[in-house]
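Here subunit A shows up in two complexes: once beside subunit B, once beside subunit C.
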Partner chain A sequence: MSSAPVPEGAVEGVGVARVAHFETVAQQRQAATLGIWAWLITELLLFSALFLVALVVRIEHPEATIAAARHLKFWIGATNTVVLICSSLTMSMAIAFSRMGWQRAMVRAMLATAALGGLFLVLKGYEYYADWDEHMMPFLADRPFALAETPAARLFVNLYYVATILHAVHLLTGILILLGMTWMAARAGFLARHQNWIEVYGLYWHFIDLVWILAFPILYVVNRSS
Partner chain B sequence: MSATGSVGGTARREPHAPESTLGRKPDYLHAESTLRSWFLTTDHKRIAILYLASITGFFVIGAVAAGVVRLALIVPNGAVMTNDTYNKAFTIHGVVMVWFFLIPSIPATFGNFLIPLMIGAKDLAFPKLNLTSWYVFMGGALFTLVSVVLGGVDTGWTFYAPLSTAFSNTWVLPALIGVTIVGFSSILTGLNFVVTIHTMRAPGMTWFKLPIFVWAHYATSLIFLLATPVITTALILLIMERAFHIGVFDPAYGGDPVLFQHLFWFYSHPAVYIMVLPGMGVISEIVPAFAQKKLFGYRFVAYASIGLASVTFFVWGHHMFVNGQSDLASLVFSVLSFAVAVPSAVKVYNWTATIHKGSLRLDTPMLYAMGYIGLFVLGGLTGLYLATLAINQHIHATYFVVAHFHYIMVGGTVLAFLGGLHFWWPKFTGRMYVEAWGRVSAFLIFLGFNVTFFPQFILGYLGMPRRYATYPPEFQLLNVLSSAGATILAAGYLFPMLYLVYSLWFGRRAPANPWNAKGLEWETASPPPAHNFLEPPEVPRIPYDYPIQAQETRDQHR
Partner chain C sequence: MSRPGRWAALSPEDRALLKRHLRAPLLTFLALLGLLAVNVALGATLPFARVWIVELAVVTVMVAIILLVSMEVRKEPPLVRLFSALGFFWVAILVGMTLTDVLAR
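The block that comes next holds the complex of A and B.
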C-alpha cells in the first residue's frame, strides 16, 4: 500500500479496462484494493483464533506444550520462513515490473514466486513425513504417540496440524491462482487491461507469507524455551 | 390498460409485464427471461430475488420444525414423539432459522436489492462475487439438508463440544460443514457491502446523507467480516476433531470445551446484531415514510448502529455466566452487556420521537414497524434481566432465555423483515398487494407471536429448562397456550405468502413511489430498470427530507 500505483496512462500499455458498473477507472481500482484488504482482515481473524487457541493451550499445559514443540523440526520451519520471504520479494518485483510495463520480467518473477511457494510445500511435506516417522501423529490409531505419557501434548500437536494445514491450503490455493494468472498475464495486452490484478494478488501473497511469519514463532520458537 | 404486451411481438402473458414498453427500457425482471439469465445473473436485484426465494424456503423448513417442537410440548410426559426426534426437531429449527434464515434474511435480500439503489450506484462493487455468495450459500445449505435427510442432528444449533465431537451419534459432520460453508457466503456479502458503500456512492452522496438502512448494513457488514472468520475457525476445529480425531477440545487429554464456547460466542453474540441491525435499518426507513416526518436524531441513529456493532464484540461472556469463568470476567461482561442497552434505546427513542406529531398512516409496513418497536423493547429489557449476574443464575438456560431471544429474533427481525417486504414489495415486483389483507396479517402475527412467547417468560421464570422434552404437569396450561399461539402465528406467516404471490399476477400495478417516501430507491421506476437509473439520480439536500421536520432541523436550515 505504501507506494501508490502509477497514475492511469502514465506508462504506455499499462492500465485497467473499466467494467461497465464503475464510473471511473480510479473507482474500480479503489474498490479492488479495498476488497482485498477486507478479505485479508477476515483471514487475519481466521488465523488469530487459531493463535489464540495456541496461547490457551500453552497457558493451560506449559510442560506438555514444550515437550511437543521440541519435536517440531525447527530448521525446516526456519528454512521455510526464508523461502516465503524470498517469494514475497519476487512477488514485489512482479508488481514493480507490472507498473513499468515489463511484461516478460513480470511473468518470470511470478513463476519464481510460484516455484518458491512450491518449494515451501515440498519442505513442509517432508516435515510431515518426519513427524510421521517419529510417531508424532497422535490421531493415527496404528502409530502410538511418542509423547503418550503427557496426554496434553496431543492438544498442541493437533493444533500444529490444523494451523499448518490451513496455511498450506491457503498457499496451495495461492499457487494455483498465481499460475492461472501467470498464464493469462503472459498474453499480449494483459497489462493494458488488468494491471491491478497483479497488485491485488500481491497483497494476498504477502498475507500468506505474513501468516507464516506469525505461525513460525508461535508454534516453533516460543514454546522451545525453558 | 392500453397497449400492454403488444409491443415487440411478445404476446405471451407474463406475471408482471410493464405498463408500456414504448420508449422505455424493460425493467430488471423482463430484461431477459431465460432460466440462464436468472441463475447466471450478476444483477444485484435478481440475486436478491434468488436469495428471497431460497430463504423463504428455509423459513418454511425451520417453521415446520418449530411446529413439531410445539406439538411435542403439548403434553408434559413427552408421549407425542421420542426424545431423539424431539432433540432433532429443535436442532433443525435452530440451525435452519439462525444460519439459513435470520443471518442472510435482510442483508442478502433487501440489502442486496436496495443498497446500490439507495446510494445511486449501478450495482454492487463485485457483481460476480455477489452471485458466487448465493451459490456458496446454497452449497452450504445442501450439506445441512443432507444431514437432515440422512437422519438429523441432535446437538442444538450451538454444536457444543464434546457433545458434537465425541458423544452425538447423529449426522453432525455434514451439518458442521454446511454451516462453515455458509459462513463464507456471509463474509462475501459483507465484503461486497463494505466496498460498495465506501466506493460506489453517487457524486454528492456523502456519509451523512446515507439512509440509516445503509448505515445499518455497513455496521452489519463489519460484523460479517470480523466475527464470521472466528466461527469458521471454531467449526474447522470441531470438524477436524470429529472426523479425524485431530482435536483440541477433548477433555480426555486435558482439552478445554469451554474454549470452544468462547470461540463460538465471540461470533454468535455479534451474530445477534447481524440479525438485528438490518431490521433496525428497515424500521428507520418505514417510520419516517409513514409519519411523513424527518427521522429524529439522524446522526445519533447512525452512530448508534456503529456503536452496537462495536460493543457487541465485548459481551460474549454473558452466555457463559454459569460455565466456570472467573467472577471478574463475569462482572466485566455483565457491565458491558448493560452498555448494549444505550445505543439500542437511542434507536427506540428516536423512532418514537419520529412518530410523535407526525402525520401517521397506519398501513401494513407501519403496523409491522410499530409491532417491532413494542416487541423489541420487551425483548431488550428482558435482555437486561439476563445480563444481571444474580438473576441470570436463576433463569440461565430456561424458557426465559428462549422467550427473550424470540422477542428479539421474531418480534424484532422477522417483523422487520415482513414490514420491509411489504414496504418495498411494489419496488421489487411492480405490484401492490391488497392493503386490507396486509393489515390482517400484521395483526395475526402480532397476536400469535405474543400468545406463543409471552407464556414462555413465565415458564422460564418458574424454572422450566429449555431443550427438555418433558416437564412437570403444572406447566401444561402455559405450554398448551404457547402451542396454540404458534398455530395463530403459522396462519399469520402463511397468509402473506399467499396474497403476495397472488399480487404478482393480480395485484394493482405499482407507481414509482406508492408511499410518498424519500430515498433514491423511490426515484426510479417500479420495478427498476436493469441498470437501476435511466439517468443519474439527484442526491437530495438532506436525508429523510419529509414535509414535517423536527424543530432542530428547521432551526439549522433557517
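The block that comes next holds the complex of A and C.
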C-alpha cells in the first residue's frame, strides 16, 4: 500500500464521520481496524487448522498424498493465484484512490476487484468439473473414486475440497459485500463520511488472497515432490 | 465522482500524486508475481529432492509481503501489530503441539 490512513482534513472531501461513542475520529478508525484484525485472527486459525491436517496427512500417508496431489489441476491453481494477486492490486488501488478522494477511480477499482474474484470462482468451478470428470470426488457414492486402490488418498482429496470450498465461500461473501459497498461508495459524499470502510474491507480482501497464497503451495505444489 | 479518469486529462500534480500512491502496490504486485513464478517453476519441474523447503520459504516471503505491505501492518499502531502477531503466535502453538504429538509417535 502507498500511504498511511489520511489524517482528518488532509484531503478535501475525504474523512470519517465520528459516531457518538468514540471521542475522536482517530480512535474510531483504530477501533475499526482492531475489530477486523480480531476477526481475521479467528479466520487464520480456522484455515491454519485445515492446512495443518494436510501436513499430518502428508506425514502419515506420503505416497497416497502425492498420488492425490498430482491429480489436482496445478495450472488452474497457478492461474487462480495470479488472478487473486491481480485482485489484491486493484483493491490496493481502490484504497489509494479513496485516500486521494478520487471516487470514480475508486469505484472502478472496486468493480475490477469483484470481477477478478468472480473470475477466480469461474476457474474454480471449471476445476471442480474437471475433477468430477476424472472421478476425483471420493464423497460421491455413485461415482467410483479414481484412486480407490490407495484408500488414504481420500483423506487428502476430501480435505482439499473442504479447504477450497471454505475459501470459495469466503470469496463469494467478499464479492457480495464488495458489490454492496461499491453501490454505496458511488454515492456523493461517501468518502467524506466513510473513507475507512474501504480500508477495513481491503484488509478482508487481502486476507482472502493470503489464505489462497498459502493454500496453493500447501495443497497443489509441495505434495508433488516425494 | 470528482476526478477525470483518463491519464491525459490529469494535471502534472495529479500524476505525481498517483505515482506516489500507487508505487508500493505496483511493486508489491510485481514481487508477488515474481515469487509465484519461482514456486510454479519449482513445482512444475521438481528440480531436486526436498524442493518443498524452498517452496515453503518462498511462500513465507509472500505472506510477509502481504501482511506488512498490502495489509499495512508495518504502519499500524502497536496494538494492531500485536494482534496480527498474536494470530501467528497461536498458529505456531497449534502447529508445534500437533507436530510434537505426530512426530513423536
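Throughout what follows, the second predicted complex is superposed on the first by the 223 of 226 C-alpha atoms of A that agree within 3 Å, B and C clash if a C-alpha of one lies under 4 Å from a C-alpha of the other, contacts with A are read in each partner's own complex, and residues count from 1 in each chain.
Throughout what follows, a residue touches a chain if its C-beta (ideal position, glycine included) is under 8 Å from a C-beta of that chain, and two chains touch if they have at least 3 such contacts.
Please read all numbers here as calculations on a predicted model, not as lab measurements.
K.L.:
Quick one: on subunit A, after the overlay, do subunit B and subunit C clash, or do they fit? Just give me the call.
P.N.:
fit
K.L.:
Is A:I59 in contact with subunit B, with subunit C, with both, or with neither (first, second, both, neither)?
P.N.:
The answer is second: A:I59 touches subunit C but not subunit B.
K.L.:
In the superposed arrangement, does A:Y161 touch subunit B (first), subunit C (second), both or neither?
P.N.:
A:Y161 contacts subunit B only, not subunit C.
K.L.:
I'd like to know which partner A:L34 touches here: subunit B for first, subunit C for second, both or neither.
P.N.:
It touches subunit B and subunit C both.
K.L.:
Which of the two partners, first being subunit B and second being subunit C, lies in contact with A:A152: first, second, both, or neither?
P.N.:
first
K.L.:
Between subunit C and subunit B, which one touches more residues of subunit A when both complexes sit on the common chain A?
P.N.:
Counting contacted residues of subunit A, the larger count belongs to C.
K.L.:
Quick one: classify A:P217 as touching subunit B (first), subunit C (second), both or neither.
P.N.:
In the superposition, A:P217 contacts subunit C only.
K.L.:
Touch test for A:H206: subunit B only (first), subunit C only (second), both, or neither?
P.N.:
second
K.L.:
Examine A:T81 and indicate which partner it touches, taking first as subunit B and second as subunit C; both and neither are also allowed.
P.N.:
A:T81: touches subunit C, not subunit B.
K.L.:
Which angle, in steps of 10°, is spanned at subunit A by subunit B and subunit C when each chain is reduced to its C-alpha centre?
P.N.:
100
K.L.:
Quick one: smallest Cα-Cα gap between subunit B and subunit C in the superposed arrangement, Å?
P.N.:
5
K.L.:
Per the definitions at the top, what is the overlap between the subunit A residues touching subunit B and those touching subunit C?
P.N.:
30, 34, 38, 41, 44-45, 48-49, 52, 56, 60
K.L.:
So in the complex, the part of subunit A that touches subunit B is made up of which residues?
P.N.:
20-22, 27, 30-31, 34-35, 38-39, 41-50, 52-53, 56-57, 60-61, 64, 139, 151-152, 154-155, 158-159, 161-162, 166
K.L.:
Within the complex, which stretch of subunit C touches subunit A?
P.N.:
Residues in contact with subunit A: 1-3, 5, 17-18, 20-26, 28-29, 32-33, 36, 39-40, 42-44, 46, 49-52, 55-56, 58-59, 62-63, 66-67, 69-72, 75-77, 79-80, 83-84, 86-88, 90-91, 94-95, 98-99, 102-103.
K.L.:
Touching residues of subunit A toward subunit C in the complex: what are they?
P.N.:
Listed in rising order, the residues are 1-4, 13, 30, 33-34, 37-38, 40-41, 44-45, 48-49, 52, 55-56, 59-60, 74, 78, 81-82, 85-86, 88-89, 92-93, 96-97, 99-105, 107-108, 186, 188, 203, 206-207, 209-210, 213-214, 216-218, 220-222, 224-225.
K.L.:
Which positions of subunit B touch subunit A when the two form their complex?
P.N.:
By the definition above, subunit B touches subunit A via 121-123, 125-127, 187, 190-192, 194-196, 198-200, 225-230, 232-234, 236-237, 240-241, 244-248, 250, 252-256, 259, 263, 266, 531.
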